[in-house]
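Multiple structures are listed underneath, in structure tokens.
Shared between the two complexes below is chain A, which has chain B as its partner in the first and chain C in the second.
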Partner chain A sequence: MHSPHPVSRVPSYPWHMPSGWWLKKRTYMLYMVRELTAVFAALWVVLFLAMLPQLKTDPSVMRSPIWILFSLIALLFVLYHAFTWFNLMGTVLYFRPGKAPIPGKLIIATMMVVWIAVSLFIIAILMTAPLGY
Partner chain B sequence: MADPTMTFAVTRYRPPDDREPVTQTYTIPYNEDWVVLDALQYIKDHHDGTLSFRWSCHMGICGSCGMMVNGEPKLTCAAFLRDYYPHGVKVEPLANFPVIRDLVVDIEDFMNKLQEVKPYIIRDDVDTAPIGKGHEFRQSPEETEDFRQFSMCINCMLCYSACPVYGMEKSFIGPAAIALAHRYNMDSRDKGRNLRMPVIGNSEGIWECTFVGECSVVCPKHVDPAAAIQRSKLATTNDFMMGMVMPWRKR
Partner chain C sequence: MYKINTIEPFWWALFGAGGFIAALLLPAHILVNGIIWPNLAPGDPTVSARRLANLLGNPIIKLYLLALISLPLFHWAHRFRYFLFDLGLHGGRMGVAVLCYGLAVLGTIAAIVVLLGL
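The block that comes next holds the complex of A and B.
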């Protein structure tokens, strides 16, 4: 294992990370946005779980304009997160079943198609299932 | 008409006279065939012979001349003045590293980490394999392709300079060292994976990476360290899951 505090043999001027480093480059900013989207996704799930018990007594709790607006914003962030996630899969996954590896673009396209198909399937179930209120 | 010139803003740090790095501006003649490294050499030859910077091959192989050029990590031997002219050029030492003098950074941390990942083929039968056909550890072109791009790394450290995770967390092993560990892990002739995975498969290795991806963008040799790290994450996860399901299975 390497030393957590590398010791240098020569005196040097230490590196200080600028506090606004992520504002200095577009790609760093997009990375931060991608990370931030996870916060919205987690927040939506926590709020959703917190509201579930109230559904029994007050079914309108999930029809409030604020909740619907927040859900739409969270949905946009989640879609961005999911899109960037699947887009990276061509880089992450490496298969070479025979002589040549499966192209990254094919992996991305397959994942996107499966993602959309599963999403449409879930939407279809939700649209047809009796919600009880 | 006067000969065209360019302005260079160069970071100077001359301890003990300078308490912190300062910027000094120089005017040099513009030559469209020059690279930033040539301009630095001109400054050294004609303005200030004390200007310090590293270089060796001048042809994108040795990986010594990496610096920040207008805020981007670049090999200065491959950064042509014509791509910046008529604007000025700002040259700084590689970001995320301590500065020893002027444009020279301390690379000791990287060298230690590189050594720790054992970037060489490991096997214990090199001397005992029978002489003749069996003594060769053969590899098909397809097997070479599994790691070829990762073997192009020239240890120039531009990826470390582009990585904000390394900038904030110095214990992170970093992109190039992990890419090289992955290169040998993927080599069909290598048997040292179990020695490397404890070094990279922890919170100071692959799991410190949050996939910013800039390491792969700035690499002058088109290596994709971000891919190496994510693939190593997948391999480690796979090892862990298989170990849970089949504890008797040898990796």
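The block that comes next holds the complex of A and C.
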């Protein structure tokens, strides 16, 4: 089914990375889970978009138990994305305003604080939004 | 003059922006729009829909929602493309790229159409 693509250039040693490489270690599996979080983020956002035109015609579309259950699962994955993303930023971002670069832990902590503040702000705006009619 | 051989950094930049949106803004929205609002006020099933419909009247909110929907799609596209490479995909890479980024572009266009029509 999956034809192995040899990485080795020596014809007598046609080695290729086994497809199940990520099953060998817990950290590899967590990496694959991290990459999969993007699927849940995209799916939730697409389903949310699909729901928007139906709000006027079928106002109870948001109360669908499948939507709530999917949102719960998506939230777990997206939270995992958020935390791994901020940790990545601490490693990847390099700013050197003075002599020493900004420590990664400071970047991560700052992003976490900003994330909490922004999230509370969004929640407050959404929960107190007027009804309109 | 050095010739840039690939458009890859363009997709990567969208991937980065989408990652920030998905990390910073999406959890709050999933919590409220996906879990809290659907369970609010059991006696009046339309209350959350009316709230959202009212918010949608504001063009700034429409622009915000466009970013909220479109950028995570590009984040998914770039990340999923490399996820497939991690799974061992070697052939048909151009097709995969067209599929992934194409879906993200289509989703963005759909978001523009839907949001403009609301």
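Assume the second predicted complex is superposed on the first by the 118 of 133 C-alpha atoms of A that agree within 3 Å, B and C clash if a C-alpha of one lies under 4 Å from a C-alpha of the other, contacts with A are read in each partner's own complex, and residues count from 1 in each chain.
Just so we're on the same page, a contact is a pair of C-beta atoms (placed from the backbone, for glycine too) under 8 Å apart; a residue touches a chain by one contact, two chains touch by 3 or more.
The shown structure was predicted, so the numbers you read here are calculated from the model rather than taken from an experiment.
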Partner chain(s) touched by A:H81 [first = chain B, second = chain C, both, neither]: second
Which superposed partner A:M62 touches (first chain B, second chain C, both, neither): second
Contacts of A:W22 with chain B and chain C, given as first, second, both or neither: both
Chain B versus chain C as contact partner of A:S12, first or second or both or neither: first
Chain B or chain C, by number of chain A residues touched: C
Chain B versus chain C as contact partner of A:I102, first or second or both or neither: neither
Contacts of A:T91 with chain B and chain C, given as first, second, both or neither: first
Contacts of A:V33 with chain B and chain C, given as first, second, both or neither: neither
Where chain A meets both chain C and chain B, residue numbers: 2-3, 5, 17, 22, 35
Touching residues (chain side chain B, partner chain A) in the complex: 13, 15, 20-21, 71, 95-100, 105-106, 108-109, 112-113, 116, 142, 145-146, 164, 167-168, 170-171, 173, 198-199, 204, 210-214, 217, 224, 226-227, 230-231, 233-234
Contact set on chain A toward chain C in their complex: 2-3, 5, 17, 19, 22, 32, 35-36, 38-39, 41-42, 44-46, 48-49, 52-53, 55-56, 59-64, 67-68, 70-72, 74-75, 78-79, 81-82, 85-86, 114-115, 118-120, 122-123, 126-127, 129-133
Chain B-touching residues of chain A, taken from the complex the two chains share: 1-6, 8-15, 17, 21-22, 24-25, 27-28, 31, 35, 88, 91-94, 96, 99-101
Touching residues on chain C, where the partner in the complex is chain A: 19-20, 22-39, 45-57, 68-69, 72-73, 75-76, 79-80, 82-83, 86-88, 90-91, 107, 110-111, 114-115, 117-118
